[in-house]
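Next come the structures, one after another.
Below, subunit A partners subunit B and then partners subunit C, in two separate complexes.
Showing the complex of A and B:
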C-alpha cells in the first residue's frame, strides 16, 4: 500500500511538472509571437507610410490645378509657375483655411516644396527659387521620408522654362 | 480447513474492495474525458467561427480595397470604363451634405470615407460585378472627375415615344457595357422587372411613362416652377449644356414637386442624375462638387491676380486677364445648385473657353 501511495505521489509530481513546463513554453511562445507580430506591424506601417509619400509625389504633377496646359492639351511632368504661386497663396491664406482643408485630404501629413533649379531666376516678387506650397506642420521630431521628382516649370508671363524638382517630405510617427 | 476458508473469504473481500475502487476510477476517468472533450470541442468550434468571421472580414476589406483603388484611379483619368468582380457583397453609399462626407460600406467591413471623390450610384447595391465609368467635370477650367457606378443588374430605360433626338443622343453616348434600352411603350417596362435597379428616363416633349411608374424627366435648358416649364435663358442650349431634372415618384400626383426637382450642368452632371437613384443623393454629390468648384475657382482667381501684377500695364494680355477676372471668375463665386446658377455657370464657362483661346492666340498667359 505504501509503495502504491509513493508511486501515486511521484505520478502527481510528474503531471504537475509537465503542466508547469507546458504553461511556461506556451507563455514563451506567446511572448515571442507577440514580438514578431509587433515587428511585422511596424514594418507594414513604415512601408505604408513610404508608399503614401510616393503616391503624393506622383499625384502632384498630375493635378490640373498645377499642370501646364497648351492649346487645351496638358504637358507631361510640367508645372505652371503661376499655378504653383496661386496654390501657395491660397493654401497658406490664414483668413481662409478652406483650400488647406481641401488639399489636406490629398497631401495628408506631408510638406511639399517646388524648387526652380536651372536657370536661376533673377530678382523679383515672383522669382523665389523654393516655394513650400503645403506643410502639414507636424512637429519635426517625427520621422520623415523624402521623395523628389524632376519636372519642368513654365513661367508663362516671362515665357521661360525652368528645370526644377518637387520635394515631398512625409511625416510619420515612430511606433 | 477453517483457516483456508477464512483466507479465501478475506482475499475475496479485498478483491471486491479493489474492484469497487476500479469502477469508481473508471467512472471518474470517463467524466474527466467527457468534460475535457467538451471543452476541447468548444475551443475548436470557437476557433472555426473566429476564422470564419476573420475570413469574412478580410474578404470585405479586400473587396473594399479593390473598389477604393479603382475609384481613386478614376479620379486621375476621365472617360474610362472599368469592371471589377468581387465576392457577392452588399455595398452601401452614404452622402451627408451637412457634414460634407461621403462613405461607402461593404457588408462586414468598416465604412470607407471618400473625401474628394464625387460618385453617382444607386445607394444600395447587392452584386458581385461593379461597373465604373468616369467623366471630367469642367466648368471652363477642370473641377473634378465624376465617377458613375452601376452593376450588371442595373438597366437604364430611355423612354422615347416620338423619335426624340435627345433620347437617341443619350443612348449613343452611354458606354456600350452599361445596359440601356430605348422603349416607346409603358408595357415594355415589365420585361425588365428582373433587374435590381431600373432607371427610366424621359424627355420633355417626347412623352413620359404614366404616373404609376418611377421615372426621371429631363428638361434641357429649362426650369420648372409650379408645374410650368420655362426656358432658363434665351440662349439656344443643347442636351449637355444645362437643364432641369425631375425625379418623379411612383404614383405621385405632384410630378413637378419642388422637392423632386433639381438642376444639372454639363454632360457629366446629367449623367450624375441618371446614375443616382434619388434626388437627395444627387443633390448631395453636386453640393460637394460645387464646393470643389469654389476651391478651384479661387485658385484661378489667385493666379489671375498674380499675373496682373507682372503683365505690362495697359497691354492686351493684362486687359484680357483683368476682364476675365472681373466678368467671369468673380461672378462664379460660391454657386449653389439652382436654375439661375446653372445657366450663369454655363454662360460664364463658354466665355472662359472663348477668352482662353483668344489669350492663347495673342501669346498671352492662359486663364487655366
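Showing the complex of A and C:
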C-alpha cells in the first residue's frame, strides 16, 4: 500500500516536471517568435521606404517638365537646366503653393536636389551648381535614405552638356 | 522477491528512457531556436544598396559620354575617346585628347564616388584605348578601395564606342563592388 502511494507520488512529480518544462519551452518560444516577427516588420518597413525613394528618383528624369528634348529613344537620363530652373521657381514660390501641393502627391516626404558637377559652371545668375527643387521640410530627426542618379544636364543656351546628379533624400520616421 | 526486483529494474529503465527522450526533445528545441535566431540575423541587402550596385555603374558610364569637356567645350568625352583611339588631332588646353579624356573621367569619378560620405568601392577601366600609343597599356584603369574582379559586385556598366570606319570598338567598363 505504501509502495503504491510512493510510486504514484513519483509519477505525479514526473508529470509535473514534464508539464513545467513544456510550459517553459512554450514561453521561450512565444517570446522568441515575437522578437523575430517585430524585427521582420521593421525590415519590411525600411525596405518599402527605400523602394519609395528609388521610385521617386526614377520618376524625375522621365518627367516631361524636366526632361531634355530629344527625338527618338534616348538611353541616357537627361535634364534640361532651364526646365529645372523653371520648376524650382514654380514649386518654391511662396505666394502660390499650388505647384508644391501638386507635386507633393508624387514626391511625398522627400528632398530633391539637382547638382551640376562637371564641367564647372561659370559665374552668373543661372549658374548655380546645385538647386533643391523640392523639399517637404519634415523635421530633421527623421531617418533619411539617399539615392543619387547620374544624369546629363543640358544648357541649350550655352550649348553645353554637364555631368550631374539627382539626389533624392526620403524622410521617414523610425518605428 | 525476485519478481519485485525485476519490476523495479523495469521501472528504472522506463524512467531513464523517458528522461532520455525529454533530453533529446530539449536539445532539438534549443537547436531550432539557435537556427531561427541565426537566420533572422542574416539581413538581406537593402534595396538602396542593390540599386546603387546594379544601376548606377551603367547610368554613370552612359552619362559621361555626352558631357562637354572642361576647357574644350565644343567636344564631348566621346569625341575625345574616338580621337584618342584613332586620329590624335584634338588638343585641349595643351593636353592631347588621351590626357584630356583621362583627366575629365577621373574628375567625374572623384566627385561622384570618392567623397567621404559616399566612398564607393568601384573599378573603372577601358579596353582598346591604348596610351602611350603602340603599347598594350589601357588608358584608364582606376580601382578604389580594392574592388577587384574577384570581389562581389553588381551588374557591370558597359559603353561601346564605335571607331567607324575602322573595324574596332572602344569599351568603357565599370563595376561597383559590395562594401
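Everything below uses one rule, namely that the second predicted complex is superposed on the first by the 136 of 175 C-alpha atoms of A that agree within 3 Å, B and C clash if a C-alpha of one lies under 4 Å from a C-alpha of the other, contacts with A are read in each partner's own complex, and residues count from 1 in each chain.
Heads up, the rule we're going with is that a residue touches a chain if its C-beta (ideal position, glycine included) is under 8 Å from a C-beta of that chain, and two chains touch if they have at least 3 such contacts.
Computed from a predicted model, the values in this text were never measured in an experiment.
In the superposition on chain A, A:156 makes contact with subunit B only, not with subunit C. In the superposed pair of complexes, A:85 makes contact with subunit B only, with no contact to subunit C.
Residue contacts after overlaying the shared chain place A:118 against subunit C, while subunit B stays out of touching range. If you count the residues of subunit A touched by subunit B and by subunit C, you find the higher number for C.
Once the two complexes are laid over each other on the shared chain, residue contacts for A:147 go to subunit C alone; subunit B is not touched. For subunit C in complex with subunit A, the residues that touch the partner chain are 11, 15, 18, 22, 26, 29, 33, 36-37, 40, 43-44, 46-48, 51-52, 55-56, 59-60, 62-71, 73, 76, 104, 107-108, 111-112, 118. Across the complex, subunit A meets subunit C through its residues 7, 14, 18, 21, 25, 28-29, 32, 36, 39-40, 43, 46-47, 50-51, 53-54, 75-77, 117-120, 145-152, 159-163, 165.
Subunit A makes touch with subunit B in their complex at residues 59, 62, 64-65, 69-72, 80, 82-83, 85-87, 89-90, 96, 98-99, 102, 105-106, 124-126, 156-158. The touching residues of subunit B, when paired with subunit A in their complex, are 76, 115-116, 141-142, 291-292, 294-296, 298-300, 302-303, 306-307, 309-311, 356, 360, 365-366, 368.
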